[in-house]
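All remarks here apply to the structure that follows.
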Amino acid sequence: MATTTEDAGPPGPAGGDPMRPAPFRVARRVVETHDVFTLWLEPVGGPGGFSSQPGQFDMLYAFGAGEVPVSLSGPPGPVKQVVHTIRAVGPVTQSLQRLKRGDVVGLRGPFGSAWPVSLAEGSDVVLVAGGIGLAPLRPALYHVLSQRERYGRIVLLYGARTPRDILFAREIETWRGRFDADVEVVVDRAAPGWHGLVGVVTTLVPRAHFDPHNAVAFVCGPELMMTFTVRALAHHGVVPARTWVSLERNMKCAVGFCGHCQLGPTFICRDGPVYRWDRVAPLLGVREL
Amino acid sequence: MSRGSSRTIRVEVLTRVEGEGALTVRLKGDAVVDVQFRIVEPPRFFEALLRGRAFGEAPDITSRICGICPVAYQMSAVHAVEDALGVTVDGPLRALRRLLYCGEWIESHALHVTLLHAPDFLGYESGIAMAKDHPGAVTRGLQLKQAGNELLRVLGGREIHPVNVRVGGFYRVPARGELAAIEERLKRALDQALAVVRWVSDFHFPDFERDYEFVALRHPTEYPILGDRLVSSRGLDIAVRDYEAHFAEEHVERSSALHSVLSGRGAYAVGPLARYSLNFDRLAPVAQQAAREAGLGPVCLNPFRSIVVRAVETVQAVDEALRIIAAYEPPDAPAVSVVPCAGTGCGCSEAPRGILYHRYRLAGDGTILEAKIVPPTSQNQKTIEEDLWRFVEPRVHLGEQELTWQCEQAIRNYDPCISCATHFLKLSVERG
Amino acid sequence: MQTLEPILAQIPLFQGMRPEHLKLIAGCASNARFDAGQFIGRQGEPADKFWIVRQGRVALEIHAPGRGALTIMTVAENEVLGWSWLLAPHQWHFDAYALTATRAIALDGKCLRGKFASDHELGYELMSRFSQLIVQRLEATNLQLLDLYGDHD
Amino acid sequence: MGARRRLKLAVWKFASCDGCQLSLLDCEDELLALAGALEIAHFPEASRAVAKGPYDLSLVEGSITTPHDAERIHQVRRASKVLVTIGACATSGGIQALRNFADVGEWIPLVYATPDFIHTLKTSTPIANHVPVDFELHGCPVDKRQLLEVILATLNGRRPVLAAHSVCFECKRRGTVCVLVADGTPCLGPVTRTGCGAICPAYRRGCYGCFGPLKNPNTAALGERLRILGQSDADLVRAFRGINAGAEAFRRESESHEPR
Amino acid sequence: MPETAVETGVECAIEVADLDPLLGALRERGFTVMGPLLRDGAVIYDEVRSSADLPAGWTDRQEPGSYRLQRSDSPRLFDFTVGPSSWKRFLHPPALRLWQAHREDGGFQVVDVEPPPPRLAFLAVRACEIHAIAVQDRVLLGGPHVDPAYRARRAGLFVVAVQCTRAGATCFCASMKTGPRAGAGYDLALTEVLEAGRHWFRVEVGSERGAEVLAAVPHRAVRPGESAAAERALAGVAEQMGRTMETAGLPALLRRSPEHPRWSEVANRCLACGNCTMVCPTCFCTTVEDTGDLAGRTAERVRRWDSCFSAEFSYIHGGSVRPSIRARYRQWLTHKLSTWHDQFGESGCVGCGRCITWCPAGIDLTEEVRALQASKRRKEDRRADA
C-alpha cells in the first residue's frame, strides 16, 4: 500500500492528504540572532511550484521530532525557495535549528489568511512588529515596497528585546535608507554602545509620520504587545477596523480538524492567523479563552 | 608477595547484579581471614510500612521490593494473605498464577544467563560488549527474555510490577484467544531455551563443589514454583507454616546483615541449584533431557554450573507455560471471594533466586498488623560468603584483577537480588 | 525669550493650553544645547529643570554595579525629559545622557513652581499633563518589565 | 544528517527496586541499537566496565534516604550534563516515602543489627529536592517507550515530548469501560498522569496512581466522589498515600482525609 | 451519506430469526458489521458476528456518573440506550498512524502504513448517533479540507438504525431535536416489536442500498395492524427522557457569559479528566505524536484523540492558554453549544447523554446550562420588576 510523496500531490491544500508533509531541502541557512535562524527551502526532486500570500504559514516537520507552524518570511507570490524565519524555543524548533544545508524537512502549506495588502492600496501602511513578529510581516513589507506606487506612506515600527535580538538588522538598514519608507526600531533594554531608541514599541506610534485617518495597520508580535499597540494606534487615530493582527495558538493540523487553535468561534489555522482587530478584540479580552 | 603479608580484595560496587552490594575479602598470606559480602542498599522498611495497610495492598506494595522478581513478591504475598484468610485458590486460577510466574522465570533467567552471567565465562565486561562477538547468542537471549516479558504483559498488564494479581486470584483473566496468541512465540522460545542450554554447557567451569544443604519447595507432581512444603537435601521436610520454627536469622558480628540459617545446622542454599537438585524428578522430560545432554546429573554441587541449571529451568518454564496454555479453560470468575478476618498466614514461593517467605498477621478488618519477609538473597548470603572462603584460598596466586573478577563471578552464581535483601535490618517499630 | 512662545505651542505637552499660561511658561524657558556624550543630569543631583527635546536623542540610564550602565529609555524629538523637578525631593532618578548632539528647550522648575504659587490653575494644568505623561511612562515601563519578546518557558 | 557523537550514558541507583533501570534492559528490540547510539559509560546492573565522567545523560533511579546518598547525588549532578530522574522513587520519593508520614518518634528507636548500620534519613525524598533535575520521567515503573523517548530526545538535543494528561484519555482511547462509572470501583485515573497506557482499568481494577498526579489535579473533587461511592476516610488516606505518597498533590489530599 | 431513494418510506417486516440472514447479507457484500456487545459491564460497539453476540435480555440504568447493566425479563435485543462507545471510534479512530517516513538518499520518503479500512456496516445506530455522524461529517468532510482517513471510512458506510423504544435517565435528544425517531440518514431502520408474544422488527428502508440488502433477507410486507404496533413501541419515548435542555437563545447566552460565576462553581467539581469529550460522539479534537527510531532512519506520525480538558491542549511556548479547569470546562461547553453554531451552523450536541453518564464526577451539562439560564432569568426578572 506504500505510496510515495510523488503521488501525494503538491503540499498545499490543493490536493492529496493535507496531513502529509512534502520533503523540502534546506538550500540556505542564515543565523539571524542567537536563537533565530532563517531557512530557504526547495522542494525535493522537482520544481514544484510554491506560492503564498503575505502572512500565511506552513507546517514544518523535523524528521522524527515533530511539526510546528511557522510563518513565511520571504517574498509572497510564486517562488522557487520558501523562506521561514524560526525562533528556537521548543523541541521541534530546536531540531530545525540544527539542520544544515542539504538536510530535508517536511512541509505542509501554505495555510491561513493573509495581510489584506490589496485593501490597503491607496492608504498609508503602518507595520508594527514585536520580536519574531517581524518575520510574518516581512512578506507584507516586500509586497508594499514592490508595489510602492499603490501605497501612501510606508512605516515600519519594530520593537525587540535587546539590540542583539533585532531581526534582519542589515535589511532594516536598507529599508531605513530608502526615501520612501520610515523605519523606527526600539529595544526594551540596551547596554551602552546602542545609539538607537530604548522603550516600548507602542511609544513609536505617536512619533511616526503617517496619516492616521488614512492608514492601515498590520501588527504582529506577542499578544500583549499587539493589544497595547492597537490601543496606541487607536489613540493616535487609526480605527480598529483598519487594524489587522496575526494571532498564535497551539496548532496540530493547520486545516481545522484538530481543534487546538480555537479562539472562541474561530479556528486560527483557518480563519486566521491574520484577523481584523475589531473581530477578535472581544475574544482576546476574555481571560483564558 | 611474601608469605604472611596481608592483602585485600575489594569490590565497592558489585556489577551485573540487581541492587547494590559490596565485597571485601581479607587475606593473610595464603589464608583467607575475612569475607564480607555486604549489602549497601539503603533500607526501605517494607515490613514497617506494610503495617496499617489493607491486606489487598500487600501484592502491589511488596512487588516494589524488587523490580526483577515482582511476581515472586506478589505470589508469596497473596498466598500468605490467603492462608491467613483461609482461602484456597486452585484450578485454572492457580494455573494462571504458575503461568505468570513462568513468565518471570523466563525473563529473569534469560537476563541473568545471557546478559549478566555468561560474560564472566567468556571474558566480557557486559552482555552488550559480548554482543559484538556473539551477536547471535545475545539476540537469542534477548528474544527469550522478551518471550517471558510477553507472558508477563498479557497476564499481568506489564513486565515490571504487573497489576493483575490480587488476593483470591486476578482482577481479570485472559480469554483463551489471548493466550493462544503467544503460543507461537513460546514455541520458538522453547527452541531458543534449548539452544541456550547447549551454549552454556560448553563454558569452562572452575573445579569447585561444596556439600550444600539445599532448601526448596517440593510439590507432589510439579517442579516447584508454588507450594506449601519445604524440603532440604538433609532430610528437612516441613510445612511452609513451620518455616520460622526451623529457620532463623542470625546476627553475624562482621556483617551488617542478618544471616538466615537453619536452626542448629547453619548455612543453606536456595535457588536454581537447590530446586534442581531436590526436584530433578519433577522436571518435564524435555528439561531432564536437556540437563543430561548438558552433562548435569540429578544433583549439581558446583555453583558455577548454576548458569546451566538456570538454562534448564528456562526450558522447564517455557515448556510448562505451553502446557498450561494448552490446557487453559477460563474460570467462571477471575477471583474467589475473600472476606477479611483476623489471622496469621504464611506463603512461600520459588522466586527465580530461591524461596521467598512472607508472613502476615491481620486484624479483623483485614488491616496488616505485622509483616515478615525473607527474600532468597538474604538466605543465600551466608552460603555466598562461605563459598568465597573456600574459593579464594586455592586461588590466592592469581593476580589481583583476575581474582577480583573470579570472586565477583562466584557471587553472580547466585544471581543475587540485593534490592530484595530488605531483611538485614532488625526493626522494632510499633505502629498504631 | 518671548520668541519661544509659539514654539512651545507646537509641543504636544502644551497643546491646547491657554495663551496666558503659555506666556507664563515661556517666561521660564530657555534654549539649551548638549554635545553627544554630555550628561544632562546625574542620578542624585538636584533636578530643577526639565527639557523638551527639539532635535537629537537623550538616553536615560541607570548604573548597576557589575552590569554597567543600562539604558532604560530614550527621549527623542518633542518629548519631555525629566519630571523630577515637579516632585520633592527634586532629584534626578537616573542619568540623562545625550546620545547625539541635542537641542532642547529648558524649563526652569523653580521658576515654574514659583508661578504655580500665584496661579494655581496653571499648576493644575501642568500637573495634569505631567500626570498623563507619567502614566504613559508607567505603562511603557510595565510592558518593558513583562519582557514581551522574551523566553517564558 | 551527519553522524552523531556517541553520548555517554550513566545509570545511577539510589533507594529503589531496580525496576526502572531494568526497563532499559527490557527494551529487548532496541537494546543493541541503543548500545550503538550511546556509550554505556556507567551502568552497574548491566556492565562491569565503568568509564569516568562527565556523562552526557545520567538516568537517576531511586530516592534519597541516607546521608551518604544525599552527598552522592551532588557528585552525580556534577558529573552529568543532563540529569533525568526515572521513576516514582526518584520523582516523588517512592513507596518508601510512606516513612515521611510516620511519627518520627516511632521511627527513631529503630534498632539496627550491627553497630556499623547504614544511617538512614527520616524521609525519603525525590532527587529534585536535592539537585537541579533537567527532566522527570514518572511511573512505577517508568514506561519503556517513554524512557526511549527521553533518550532519543537527549540524543537529538531536544526536550522529550511526553503527554501529561489524565489516565482517562488512555482508557477511552483503548476502549476500556470506565471502572469507576460502570463498576463503582475507586480509581485514581482522573487525577493521575498518563504514560502507563491505562493498564489497570483494562484489567478491571482501579488505577492506583503509580504515575503520580497530573499537573494541578482536582484531587478534592475525586476524593469527594470516592467518598460518595463508599470509601471511608481511612480508605482515601491509603488511596492517595501509595506509590506516589510523596507527590505534593497526593500528599495534600491524603492528609485532608486524616482524622484530626 | 446514503442516497435517498424511491424506496424511502417503504416499510417491511422481518422476524427476529432473520437478523442473522441480514448480518450474512451484509457480510456477503463485504461489510464488517459493528454492533452492540456486552463487555466489561457495559454495552459497547465492536464486531458482531451473529445475533447471538447481541445483548439480548440486558438493559442499562444510567445516572450522572453511573452506569449499570441489568438483566431485563424481556428477550429484546436492543433494550438498552447508548453506552460508552460511539461510532466515532470506527470513523474517526482513537489512534491512527497517518504515515511513516523513511530516510533515503539524503532525504526521506513518506509512505502510508495503515491498511485500507474495512467497509463498515453499523448495526443499531440510534437517531442521536445518526445526527452525531452527520455532525462529524460537516467537520471532517464539509470544509475546504477533507480528512482522507475519515472519508475512507465514511464513504461506503452502511447504517442499520434501531429506533429507540426506551430512553434513559441521561437522554435528552428530544430537546436537541435529534431523536428519538430516526427519520433519515440510515439505509435500514429497525423497530423492535415485542407484542402479544410475537418478536419481530419493522424495517424502514432509507436507501436503494438498503432496499437491495433487504431484498436478500427473508422479509415480508407489513401486515394490517403491525405498523400501529411498531408505533406503539415507539410511543412515549421522548417523554421518558430523564433530561431536557432549553436551546432557544442558548448560543447567544453562552457567548455573553464567559465570566459567569457558575464556571468557577463547576470547576470545583470537574476533574478535567477528559472523559466527557472522549465519549462524546461529536468531539473531534486530535493531537499528533511524531516519533523517530534510535537510528534516525524511520519516523512516524500517529494521530490520537485529544481533549480540550488537558492543560497541554492549548499549550503555546510559555504555557497553557487555559491553565484553569474553569476555562477548560467553559471552552468545552461553549464550543459544544454555542461556537459550534458559528463554525458549522448547528449545535455540537446531539443529546445522547454520554457526557453525563460517563463523567466520573457526575457533572450534568443540562444542569449547568440551566444554572447559566436561571441566573440570566433572574436578571431579566429583576429588570422586569424595576
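When the chains are written out, they are named A, B, C, D and E in that same order, and each has its own residue count from 1.
Note that in this section a residue touches a chain if its C-beta (ideal position, glycine included) is under 8 Å from a C-beta of that chain, and two chains touch if they have at least 3 such contacts.
Everything numeric in this text was worked out from a predicted model, so none of it was measured.
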Moving step by step between touching chains, how few steps can get you from chain B to chain C? 3
Looking at mean CA positions, which chain is nearest the middle of everything shown? D
Report the chain whose mean Cα position is at the greatest distance from that of chain C. B
Busiest interface, counted in C-beta pairs: B-D
Which whole number of Å gives the spacing of the CA centres of chain C and chain E? 67
Whole-Å distance, C-alpha centre of chain D to that of chain E, is 37
Whole-Å distance, C-alpha centre of chain A to that of chain B, is 63
Averaging over Cα atoms per chain, report the distance between chain B and chain E in Å. 51
Multi-chain contacts in chain D, i.e. residues touching at least two other chains, fall at 1, 152, 161, 204
Please set out, as single numbers or ranges, the residues of chain A touching at least two other chains. 63-66, 89-90, 103
Which residues does chain C have that touch at least 2 chains other than itself? 151, 153
Spell out the part of chain D that touches chain A in their complex, as residue ranges. 1-2, 152-153, 156-161
Can you check the complex and tell me which residues of chain D touch chain B? 13-23, 25-26, 28-29, 31-32, 35, 40, 43-50, 65-66, 69, 94-96, 98-99, 102, 106-107, 109-114, 116-118, 120, 124, 140-141, 196, 199-200, 202-205, 208, 210, 235, 238, 242-243
Note which residues of chain A are touching chain C in the complex, please. 35, 89-90, 130-132, 159-161, 165, 186, 188-192, 194-200, 202-203, 206-207, 221-222, 224-225, 228
Write out the stretch or stretches of chain B touching chain D in their complex. 13-20, 40-45, 48-49, 53-54, 57, 60-61, 64-68, 70, 111, 115-116, 119, 125-129, 131, 135, 138-139, 142-143, 145-146, 149, 157-161, 163-164, 166, 170-172, 251, 253, 255-258, 334, 405, 408, 419, 424-431
Which stretch or stretches of chain A touch chain D in the complex? 63-66, 90-92, 94-95, 98-100, 103
